[in-house]
Structure formats: structure tokens, C-alpha cells
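Below you'll find a set of structures to go through.
One chain, chain A, appears in both complexes that follow, with chain B as partner in the first and chain C in the second.
And then the complex of A and B:
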């Protein structure tokens, strides 16, 4: 029977994430009239439980900055300021706002609301340089979340046939469908706490997607979830592998160092193929420029997936190339080689918000790999240095079930937002968004197009 | 609704200036308070009263102070403040028709939404319209627009015998003004109103009262476009106002005259007159402050337990003489007198002379006696009493001529032949009381020039004149002005004054006097939103909310906190239309009356 894909969410609150963007201050002029309470739809204002005649202090972290209480206060007894604690969160890429948004998504699994209008800026660097198409935003039947028309968010991982040569052999050995274009990753999570790894893998298991796991972190407690694990191993360790769990996993990634010999890689790939014929084989690259040696591995069907790694801020490890540009380059290279459709591209690093997923797909990725955002969902504040004993989010002590549900909640919210964007574009299948550069405007390119002649003239003048 | 607990009865009979207890204890008892909300209610009350041989004391906001609601017979007290609906606003003809229990403050607020305003209003803005029509009629802007009766189109009077509508043109109309509720209960009023207009106050200082009073008679007659409000404040009265200022700005030790214009056509003429008469023009902010203080006539109460005094209508040319005499009088008896006069036409002013007194001290009784002496002085300066009530019963013939009294009695016979309404007051005096008061009054005349026997005795007893800020915990801090009642959210839901600041301060007074919390008040103590509005409008400028907490603490010792009742109360208040309206008007505009009213 047809079953619609659905993610179960539930409210999971964390005491450590109760840091609001705003702080509402109630001054002595308050009449305790309760007007703020009737106007606030976010339950920021309540009466004191001990003495209901008096208003309690505002629950600041629930405030969405709508100003309803301030505007409706008959005696101007309320003021709002930025919360100092909030401003201390994160860094320049993982801004306080990004972290706060993820926390909200992780708590309820709903699309968070904030503010009373957006006054700009309307472009920035990185993902904010991309504007997506929203031309079909008014079509009610294609309402993303509640609409009558189903919008598919499923994507295929692994090898596809370039053409059909034999109809009897249509069953593909090396292909898996996942219901969301998102994979999870346990690798960069500074603390590498066992409990958080377990929560991420269990979340991936529940969501029907894969979670990358470094081979040295594998333990017996993860055995039940083997089918959802994408095992990652450095190239030099492939040659001396013991049996388990290689035979049973469905996804293996070789983490390539900056310098490696193609022959060594070829050897390792051959060994893997002989050990496990059905597993998807992925190459984890930090450099987006694909050498002929690598392209050969794909051509000769020894590898199926290309996973381009960037750091937490989305920058490649070699030179300042942003993940979007890396993906676009890799996509273009594969198109030139006429093999884009046969293999899968994944993008890892710097995916920090819901809208980054469709944007990276527009750039050419099949799916996004989420890493640090998962830790943020579990309460991480992206401090400068990570000290396990002094973690303000108490990640180490976190109940794995709570972290798991929060991750699931966040991904549900992200999928819902993906649906919204797809519906606004009039697209019914996320697979059709892949590499659809026409569905977005790249601000830098527009700028170049309009102003390039000036720079050219200047150059010739020189 | 009927309120009959002894505590509530005591509270409702309380006036802004209380009669001395020696007199009060001799008064008959009020059986119960009847809160009438319609004409039917009033008529029902009449028939009950006549069946049970009870009299009726009509009561507005109880701000009069002359013993107007003192029961001289066994009576029912009619609380008319809930007869307060607005019936019709005619924006074209500029009239408003409403029930007479409406407070001036509420009326002013209502009109504000339509950019309309009152011509005149009493200084105690929290009194009821019916109350002011029945007792006084002169107040803010009276110089420009005259007595309130000029602005009333018609009234409806309910009396035991019949219901009557009276227009201003009717011959009998004037007898219903200032009748102190003896002819009937005014049930509805149709009042003239006008567009709201900005006003510009000027304050002029003079070195002495003779210069000031010469200027007064000039300014009241000579200007082509006259001011709407002229008031004289003697130096001692201005000193009282200084107590509320922070010291960085203050009024000088001079006589002041406040002149308020709505039309500035004669401004230049006015300024040259000031120069000619050697007046000193005060800074704008002082003038504005003094003009704003019209809403706080009793602010001096903040520093003194009780205020005594007289209110008379005096010819302006005698004002100088009057003040010289009263000052000498004050000096003789060691009392600090201060005088304020509001002009009501080119020739007369309502003069208000007050002095502080402490009812706890023995000398208070002598002070009461001295107020009669003051009335003597006023009377010698051709003054007439402003109101009669109970206290001024000996002065009745000074206010009403024999002819007037005849007319009143004719109407009384027609409307209230059984004499149910406010009996034993000016139209049907109880001779025993009148003789007693008359005796006191005529004896007091001997002291008006400074009796050599009495003088030294009084001086020793006279109160320490040092002023100190009063705490609401002192039993007599409340001025009984009723301002808090008009804004109290709890009163909207409960409708008994027991729940308001006035009621609770009275309760506190009783507790300090040694009695325990009456049952009727116990639960109501907790029904308070801590909204501070009572504080904001308090005429005595008291810091009240901390007192409520203390009162609650006292109450919690004997009875449990009624949690369920509190919850129910909050739900009621939050959804109460009157409260919603009040909040709306608070938030509506920046130049609203609440902000004006807010204590400096």
C-alpha cells in the first residue's frame, strides 16, 4: 500500500538552550493588567503561579520579537533589548541566529518564526549569495507541507545506468533510495562522545538515511544499526581490514588524504569490491578538482559516490573555495565527462540551515551531509574551543534519546522547509532540482555580468 | 445591591472632612446602603423607606465634606454612583445626556475620544455630576462659563411623589441646583459640551495681597477676550505646593494669580496690564504645574493628618481685607492658614481657607471651633457660605433668603411631602441640632478677633508646624476624595468601595484603632491587581501598594488566602468591559488625562 513518508516529531526541551535573542524587561509602571498575556501568542507573558495577581517575569527565550506586548502595553511598562548571552553564541559563520534557529527547530520540529518583518540585508556571502526561485509561491494545490499534490524529497544514492542495454538486468545492485536528501555525519563532532554518535546513528536509522561513522568509533553497540551506517576509513587503513563490519554495511567511504597514489586507491577499491559487492563506495575528497585517476575509478565502476568535504565554515581545505563553488565545479567536470547521471555527488561541511540544502542541490549535489548542525541540535553552542569537562551544553551528559529526537525534529523542520521551497518553485520532486542552476540567481555572477565591462576597460587602459 | 455590613456602612458614611466624633456619635444610624442602578430601583427604595419609616440620604462620591451625607434621622443611604450610563451624545447640538451618578472624570474621558470637552468641572474631578449640581457648581473655568447650571439643558428628578423633567428655562430650575438632595434625586442630566481646546496658563506674582487683589479686579473686568479661569493663591498656599516640588524649582514667597486663557486675542493687553500693576510673570513651567494641580486640590493632605477650613463666596474687593484678617487670626491662634480663591464672575470669588489639624490631638476640637470663627470673619467681609450640609446649618439664612426658602418648601411639599429625602437639613432643620451648632457658631464669633483668654491656651496646644511626609500607614492619611474608586479594576467587578484604596485605608485605620478585620472585608483585601492606578491618582499622593502587601500579611494571620476567589477575580477583571475601556484609554494617546493626572 502507498505510504506517505512521515517524520514523527515531539517536543523536546533542553534547559541549556533557553537563551532568547531578546530580553523583555518589565518596569515598575506595570499595571499587572494582563494585556501582554492576551496579546502574546508565544506564552512569553504569564501570571505568577504563586501570586496570579502579579505578572511573572517574561520567559525571554520564547520571544519572537513581534513587539505585540510592547505595542499593546497600556502603560509602556515593557522594554526589549538584545540578550547579551545570545550574542555570545557561535562565531561569524555559525551566527547566534543560525544556532538559535536550529535550537528552535530541534525543540519542536516546526518551522520557526522570528521577527516583525525583515529589513535586510538581502545578500551576503556563501549561501546567502544565492537567491532561489519562488515564482510559483501562489499555487495552493502545491502547498508544500499540507498540499494535495505529493512532493517527493527522496533521492537515489549510488550508481545509475547510463542507458538501458538489457531490460532483463534493470535491477541495480548499487543503488539505494533515501527519503530525504540529507545524510548525517558523526565525524567532525569535536568531542566524539559515544552518546552523541549513538544518537546520530539512531536518528539516521529512524529517518531511513545514512550516517557517516569513522571506523575507529565503531563499537558493538552500533551493530543493530549497521544498515544505516556509512563506514568511513582512511585510505591507508583499507589494506589491513578485518572481516566485520565490512561485509555487512551498505555504504563505505574512503577518506582520501591530500597526497595519495592512484594505484594504491585502485588497489583498495578492488579489495573492497571483492569483499562487499553490494555496498556503495564513496570517495571523500577535499579537493574539488577531479584528476583523471579519480575519474577513471568512477568510469570503471569501482566507485559510485563523490563526497566533497569542506570545513565547518564551508571552506575547502585547499584554498578559499566555498562548498557551493566546489560542488558546481565537480558537477561541471562530471557533465563534461558525460557521466554526471551515473554517479552521486554529496556535499559535506558548512550546511548550517534548512535553506542550504536546496541551495547546495541547485549547485549540483544530490544530497547534503549534515555534521555540526546535528551537534547544535543537541544543544552545542559552537564555542571557540571544545572542552568536554566544561561544555556549557553538557553534551557528554545528554540522554541519547533526547539528542536523537532533537536531531529528528530538526531534520523534519528542514524537510518541511525544503517542501515549501520546492512548492514555491513548482517542483514536485527534489531530484529535478539537482544542478538546476536556472532556479537560482547567483548574485556574484549577476554583479559580474553588469559591471565586468568597467573592469575590462580599466584593464585595457592600463 | 444592598450593602449592610457595619464596616461598609461606616465606610460609605465617611466624608472628605469628617464631622467631630462628638457630633457624629449622636447621629442616627444608616440602616444599609442601597446601590441603585435605575429609576425603578430608586422608586422601589422610596416605597421601602416610606413603609419602614426610614429616610433617604442620596450620596454621590461623598466628596462634599460639609456633612452633606450625615444622617440626622434613621436612614437608607442611596449610593448613586452606579447610576452612571451615558445615554446619548449629540455631536451636532453639542449636548450629552447621561445618568447623574456619572463621575466628571469618566465624562471627561468619554468626551476626549470625540475631541470634545466640558466647559466647567469641579476641582474634585472624581465627584459625580449629580453631586456637584446639588451642592456646589463652581470650579475650574467658572470665570469663563459661570455656574454649572448655565450649562445644564435639562435634568430629570425622581422624588417620592413624582418624576419630573425640568429645563433650564423653567421657573423652578434654579431651586433644584444646590438643593443638596432634599427635593429629589437627580437621575439624568443633559449637559452642554464643546470642542476640546488647548489652554494657556499664566502665573503672575505680587508682593502683597492688596496689589494682587487690585490686579484681580482689573483683570477680571478690563480684558476684551477674558480668560476662562482666574485663581488667587496666597503665599502660604503656594508654599504647600512647594512641598511637592523637588526643591530645584519652587514658588517664591509671593502672592500668585493664575490666569488661564483659551483665546489669546487679549494676550498683549493682558501682559501690559501685568507690567502696569507691577506683577512678575512666572516661568511657564510654574504656571503649568499650578494649572495641573487643579486636579489635586487636596495634595496638602500628604503632609498633614487632617485639613480644616471654610469655603465662602466673597466679593473680590473684600479679599484683601479678608486675607489680612485671617492672617492675623491665624497668628493669634498659632494655626497656619492658607487661602485660595477662584473667581466666579467679575465681582465674586469662591474663597477656600484651610489649615492643618490633627484629629488625634485634643486641640482638634478647638480647631473645629475656629473654623466657625473663620466663617465669622468671612461673614463680616460680606461672605456667603458656599454650601450648607450639616456643618453650616447655622448659616442657612445667609445663603437662602426667606423667599427662597418658601419656594423650596413649596417644591418640597409637591415632590416629597413625607420628607423622606435628606431630612433635618436646611429646608427642614432639626432645631435641637441647629441650636447646638448656632450656639457654637455665635460663641466662636467672640474669638474671631483673638480672644485674650483663649489665645495663650490654644497656642500651647497648637500642633508642631513641622511638616513631614505622611505614610499611608497613618490612620488619617486618606483624603476620602474617591479618586481611587474611579480607576480601581477591582471596584469594576465588585462594586463595593470596601475593595478600593479608600476602603482599605479605612480598614487599616480601624485595625490601628484596635479592632479586628470585619468579615466583609477579609477576603476582599486580596482582590487587588497591584496595578498602582490608585497610587497614580491619589490626591494625598500616598505610596499605597506596599501598604496593601502589609495589609495582606495582617489578614493572612487570621484567615487563609482565598486562592480560588483570586483566580476568579482575575478572570473577571481581565474580561471586564469597563476595565478594557480604561486600559484602552490609558494607551490611546500621549496627551491623555491619565498622564496629566499622574502624580508629579
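And then the complex of A and C:
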């Protein structure tokens, strides 16, 4: 029977993520009159349960910055400051706001809906320089997640036929359909905590997608989930692999170092093919420029998937190219070679928010690979350096089921937001979004189109 | 025209927010010198008392007045006064609505005067769009205050615009180049709606019902209230269409382009539900788009439909800003619309998915130039009124949109800031706005007295009109209509 794809969410709170943006300070002028309690609708101010004559310390993580208590306090006894702990979260790419948003999504599994307009900068770099398009009146449009129409978020991984020459002998190449254009990755921060790896892989299993796993982290406890594992192995280790679990997985990625010889790669690919004929073969590239040697592997059907790796901030490991640009270039290169439709492009690194998924797909990827965001969903604060036994989020001690549900919640929220974007664009299938640069606006182009004529003329007039 | 009454209208709170915090330490012996010298009433001593009260920091200008004769810290005989940047300042506002913009909008709402200039009241800090260009005029340095006063009260500089430029139908002129945006009953409280309507009536401009129906309390203001017909069709009836001089079709909203209106269940109180003919406490998500409109031809049928019901009304079409917004605008023109309202992506909302606010559709700055150019090329620009909304915060944003090619602007969030909004962004759920503005909670909404609110909005508009007049004078223009499309007045502010 037909079953509509659905992700089950449930509320999962985590005490380590109760870090509010603001801190309310109560000074000595307070007479414990309780006016703040009547004005606060978020229960920040309560009376002390042990001694109801005095006010308890404010519950800061509930504060929503409305200034009602501060401005209504007759004695000017309250003051708000930024919470230092909040400001310390993350870094310049994984900003406190990005982390906070993921935490909320992971907790509730819902689309973040807030009042008042956009609050950020006019533009940023990378993803923040892209606006997606929408339709009204002159083009067909769709109801969003609240409508009845079905919008497909499924994508195919693997090789597709360029054309069908003989319907009687249909020899289709291997491909897998996943219901969300997102794959998971267990390798962020070089983490090898067994419990978090298990929860990521179980989440992938439940979501019907794949999770990348470095071969050295494979253990018997992961055996039940083999069909959801994309096994990743450095190139130099492939030739001396032992048997299991290679034969049983559906997806294998060769992690290519910066320097390697094409003949070595060809040898490895040949060996993989002889061990496992059905698995999808992916090449993980840290260098976004596609050499002829790489292109040849795709042309001659030895590899099916191109996974372009960037670091956690979306920068390429060489040459500081942002993941959007890497993907746009790879997409164009493959279009020029007339083989874009036959293979799959994945983008790994720097996918930090729901809007990054549709945007990277517009740039040309088939699907996004989520890595650090999964850890953040589990409570990670993206500190500098990562020492497991001193983790403020206690990732190592986290119950794998809790982490798993939080990851699933976040991905459900991201998929729903993808649906909102697709419906606004009037697109009913995420596969149609791939490389649709015409349905997006890029800062450089639109700024030039709208303003160049104004300011150029004005400057020459001077 | 009878001028609008400006009355000073103070904040409704015990404590105001300021940039600096002023403190007196223990060595103060309450000589009262500071009370005498500070013209901003930071220090106060009640009659018959010995002690100086705790300083009212919000009035303090900070080190700005160091050069002036009344800088208290150096005058204090015992060095008891300390002025510091208030750490609270960082918690207020954001890139688009900086704390300085919020505070100066409050100041304008209190006094009705152009801010004195100690806070940046013209642009925000978003680093792009309106915040990235300015008018190429030399600031008035040699003008005396009486000169300035003559200009801003002069009738010779006109800020009025006409809302119908087709040769037929009602002729409606508003004295200021803006009117109020649609904010529904449900997203904001009834007192807030009344305050807006009251002020619109005073200014002979308009405010819009939004999509939540037309509360009976607004009927006394019906000549200044636009009936909005949005995709949810909540509370739209023949009576409400007949009652209004302007009918607004809301195809999309800038803060959530491509999505219907959101009213989360918590705010859908029985009163709101009755108005919307919906079930109380259920979330209401309007469809997107109008399912009766899938083409410009369908759109024309829509307009014909309301014109049949109310032949005298002007028709405004509110659309957001996709890349083909120019086609939409021309289509609306041929379908018979009088006003095109472009709602840019950075506009306000009572509730919208965060992902939609930045990432879908373009900011208004781009859309204005695009549509204006296209309408000119099509040869229909002179027959249609182009209004910009979605991220218009100040008088200068209005002037900039006009210089880019719009006829005027539509104002939403600024009205609410005048009522005391701090842009905390929690209007969407629970009891709504803790400050009583965007709430449907019967208890919270009592915080706003609508007469007080109307005066605040009126004052803000007065200050804006003065700023526009001054700007027009500086540019050597006599009429705001002459400013339209004058991109040659604009210059880029170099990014810092």
C-alpha cells in the first residue's frame, strides 16, 4: 500500500541547551513587590519557593527580551545584559544564533515561527548572498506544508541512464531513492564517540537515508544498520581491506587525499567492483576542481557519486572556495562534459541551517551532507577544539536514543522548511530544484542590475 | 488643510531605556548642582527634599555633551557622577532596527519633532540596501532654527500624493506619501488597530484591516480604513467591501512570500475566531495563493468582482517581490488596479517562519527600481501608483524609495514601534505581545489606551513630514512628486 513519507517527532529537552540569550540582573533596589512577576508572561520572575517573601533569581533562559519587567519596575531594580555564555557559543560561521536555532529545531521538530520581520544584515557571504525566488499570479503556485498537495522531497543517489536505447533489454544502473535530500555524516570534528555515532546511524536508518561512517569506527553494534551506512575509506587502505562489511553495504565512498595517482584510484575502484558489484561508489574530493583523471572515472562508469568536501565552515581545504561556489563549478563542469544528469553530486561541509539545503541544491547539488549540525542537534556548542571527556554538552554521556530523536527532530524541521521554500517557488519535486539558478537571485548580479546604473552615473557626473 | 494636532505624549513605562547609565556614588552630598545644570532632567530633587533622586539615565546624552556647559561629571565638586555605556543597550534592537532607531522613533512619537541628532535616526546598520546609500546633499549648517521652522511648517512644500492616477474613478489624495499597512485583528490587538485608524483619520491617510476581518469598532473610521482581501478571505463580506474607499488584494506578504498568513492557535481567541468565522484556539494558516487566481486573467476577474460590489473603490494589489515582479505589476495594471503595493522581503509580520523572512524573494530596494523601470518602458508608469513596503523604517527610507521610483510607501512596524514595540519578536504565540501591542489577550491589550497610541503615531508622522519637507528643500524641490525616480540624488555610503 502507498505510504506517505512521514517523520515522527517528539519533544526532547536537554538541560545542557538551556542557555538563554539574555540575563536579567536584579539589584539591591528591589523591594520584592512582585510587579515584575505580574508583567512577565514568560515566567522568568517567580517568588522564592522556600521563602515567598522574596523574589527568586530570574529564570534567564525563559527571557525573551521584551523589557516589560525592566520598564515596569517602579524601583528601577532590573537590568538586562547579554548572556556571556550565549555569546561564547560557536564561532563566526556557527554563530550563537545558528546554534540556538538548531537547538530549538532539535527540541521540538517544528519550523521556527516568530513574529516581527527579518532582523539580520542585508546580506552576508556564501549562502546569505542568495535569495530564492517565488511565484504569484503569473506562475503556478502551491500550498505549503499546510496544503493538501504532495511535494516530493525524494532524490535518487547513483547513476542514471543518459537515454534508453532498447526498452526490451532495460539494464538500469544501480540507484537508491532517499526520501529527503539530506545524508548524514558521523565524522564531524573527528569525533569518535561510539554513542553519538550509533545515534546518527540509527537516525539515518529511521529516516531512510544514508549515514557516512569512517571504516575505522565500524563495530559490530552497527551491523543491524548496514543498509543505511555509507562506508568511507581512505584511498590507501582500500587495497588491503578484509572482507566484512564491504560486501553488505550499499554505498561506499573513497576518501581521496590531496595528492594521489589516478592509477592507484583505478586499482582501488577495480577492487571494490570485484568485491561488491551493487554498491554505489562515491568519490570524496577535498579539491573542488575536477581533474581529467577524476572525470574519466565517471565517464567510464567506475564511480557514480561525487561528494565535494569542505570544512565545517564551508571552505574548501585548498584555495578558500566556499561550498556554494565549489558546487556551482562542479555542476557547470559536468554540464560541459554532458554527464551532469548521469551522476550525483553531494555537498558536505558548512550546511548549518535549514535554508542551506535548498540553496546548495539550487547551486547544483543533488543532496546535502549534514555533519556538524547533527552534533549541534545533540547539544554540541562548537567549542574550539574538542576534548570528549571535557565536553560541556556531555555528548559522550548522552543517551543515544535522545540524541537520535533530536537529530530526527531537526531533520524533520529542515524538511518542512524545504517544503515551504519549494511551495513558495511553485516546485513540486526537489529534483526539479537542482541547478535551477534561474529561480534564485544572487547578490552580485541583482545589486549590479538594480544599482550599478545609479551609482556609476552619479559618480561619473561628479 | 487644518493642521494635525501635535501633543507631547510620554512613554507609558516607569523606566525608559537609554544608551548610558548614570550613577551617583557615596561621596555625593546632595548639593544639587547637577539638578541645576542638566537640561535633560537626568537628575531630580523633589521639592522640600534633601536627596537627589536616583538618576534617570535614559535622558542622558553621554559623552556627547562633554563640550557643553552642562557636562555634569566634571562639574560635580566631589566627582560623584559616573556615566557609562549601559550594557543593556546591546540587548535592544538588531541590525535592521538598531537601538538608536528604536529610541529615536520613540522620541519622535513623544514629541512630534525631528530628533535632536544625538542618535542616528535615519538609517539602520544592516549594511545594504537603504542603509547603504544616502542623499547627496550638504547638511544644513548655516540655517538658523527659525529658518528650519519656516520650512517645516511651510505650505509651499507639498508632501501629498494621489492614489488614483487613472483618468477615471474616485480621486483620493493623501497629505503624506504613506499609509498604514495591513495588520489583522488577531495579529494586533483592537486598541492598536484603533490607534492606527484614529491617527490615519487625523492625518487623512489610511490604515488597512489586514486579513482578519473588519471589527465594528473601526466603522467610525471607515473613510480611512482599507479593506484587505487576503487568501484566507477571513471576515470578508459584501458589507466590508462596500464600506471602504480602497480595496486591497493581498496576494503575498514580504515577510512570508509564497506562504499564507499565519495565526497560531494561542492567539486565535474566541473574539478573533468570531471575526474570522473560524474555530477558536485553532491555528489558522491561510492558503497560498488565491486558489481562484492562477493567471493575470483570473486576477482581472477578481478585480471585476469587487468593482461590481463597490464600483467607487480604488483597487490596490499587494504582491511580494519575486524575480518576475515586474511582470506581475504590469499584469495588475492591465487588470485594472490603481495601486501596486510591493512588499519586500524584510518586512514585518505577526508570525512567519524564520526561513521565509530572509531567503525568499528580494529586498524591496531592488524591486522598486526593477518595477519602476519596467513600467516606464511599458509606457504605463503615469497611470499607476507604485507604493513600497517591507522594511521601510524611517522618513528617509520613504524618501529613498521615492527617489528609486516609488510614489510613496506603506508603513507597518514603525507604527508599532511608536506604540512602544521593542521588536523582541514574540508576537506569534502564547499570549502574544507582553507590551500589549500585538496581542489578543484581553488583559494584556488593556496596556494600550488607543487615544494615547493614536497621538504617538500622529506625532511620529508629524516628525516624518517635517523631515521630508526639509529634505525636499535641501534638494531644491517643491513637491514630493518631483522626487520620484530621481536616482541622481543618491550616493553610496562606503561600507565601513
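Assume the second predicted complex is superposed on the first by the 365 of 462 C-alpha atoms of A that agree within 3 Å, B and C clash if a C-alpha of one lies under 4 Å from a C-alpha of the other, contacts with A are read in each partner's own complex, and residues count from 1 in each chain.
Everything that follows uses one rule, which is that a contact is a pair of C-beta atoms (placed from the backbone, for glycine too) under 8 Å apart; a residue touches a chain by one contact, two chains touch by 3 or more.
If you're wondering where the values come from, they're calculated on a predicted model, not measured in any experiment.
Q: Return first, second, both or neither, reflecting whether A:347 touches chain B, chain C, both chains, or no partner chain.
A: neither
Q: Could you let me know whether more residues of chain A are touched by chain B or by chain C?
A: In the superposed model, C touches more residues of chain A.
Q: Once chain A of both complexes is superposed, is A:74 in touch with chain B (first), chain C (second), both, or neither?
A: both
Q: By the touch definition at the top of the document, which applies to A:31: first (chain B), second (chain C), both, or neither?
A: In the superposition, A:31 touches chain B alone.
Q: Please indicate which partner A:410 is in contact with in the superposed arrangement: first for chain B, second for chain C, both, or neither.
A: neither
Q: For A:53, is the partner it touches chain B (first), chain C (second), both, or none of the two (neither)?
A: Touch partner of A:53: chain B, not chain C.
Q: Just to be sure I read the superposition right, which of the two partners does A:134 touch: chain B = first, chain C = second, or both, or neither?
A: second
Q: Report for A:380: first if it touches chain B alone, second if chain C alone, otherwise both or neither.
A: Touch status of A:380: no partner.
Q: For A:229, is the partner it touches chain B (first), chain C (second), both, or none of the two (neither)?
A: neither
Q: Would you mind listing the overlap between the chain B footprint and the chain C footprint on chain A?
A: On chain A, the overlap between the chain B and chain C contacts is residues 29, 72-74.
Q: Can you check the complex and tell me which residues of chain C touch chain A?
A: Checking each residue of chain C against chain A gives 11, 13-17, 54, 86-88, 90-92, 94-97, 126-129, 131-133, 136, 251-252, 254-255, 257-260, 262, 264, 285, 287-289, 293-296, 299, 319-320, 322-324, 327-328, 331-332, 345-363, 365-366, 369-370, 390-391, 413, 421-431, 433-435, 438, 444, 487-488, 490-492.
Q: Within the complex, which stretch of chain A touches chain C?
A: Result: residues 21-22, 29, 39-42, 64-68, 70-74, 76, 79-82, 101, 111-123, 128, 130-144, 146-147, 354-355, 359, 417, 420-421, 423-426, 439, 441, 446-447, 449-451, 453-455, 457-458, 461 of chain A touch chain C.
Q: If you look only at chain B, which of its residues touch chain A in the complex?
A: Where chain B meets chain A, its residues are 489, 526, 528-533, 566-567, 569-570, 573-574, 579, 583-584, 586-587.
Q: Spell out the part of chain A that touches chain B in their complex, as residue ranges.
A: 28-29, 31-35, 38, 47, 52-54, 72-75
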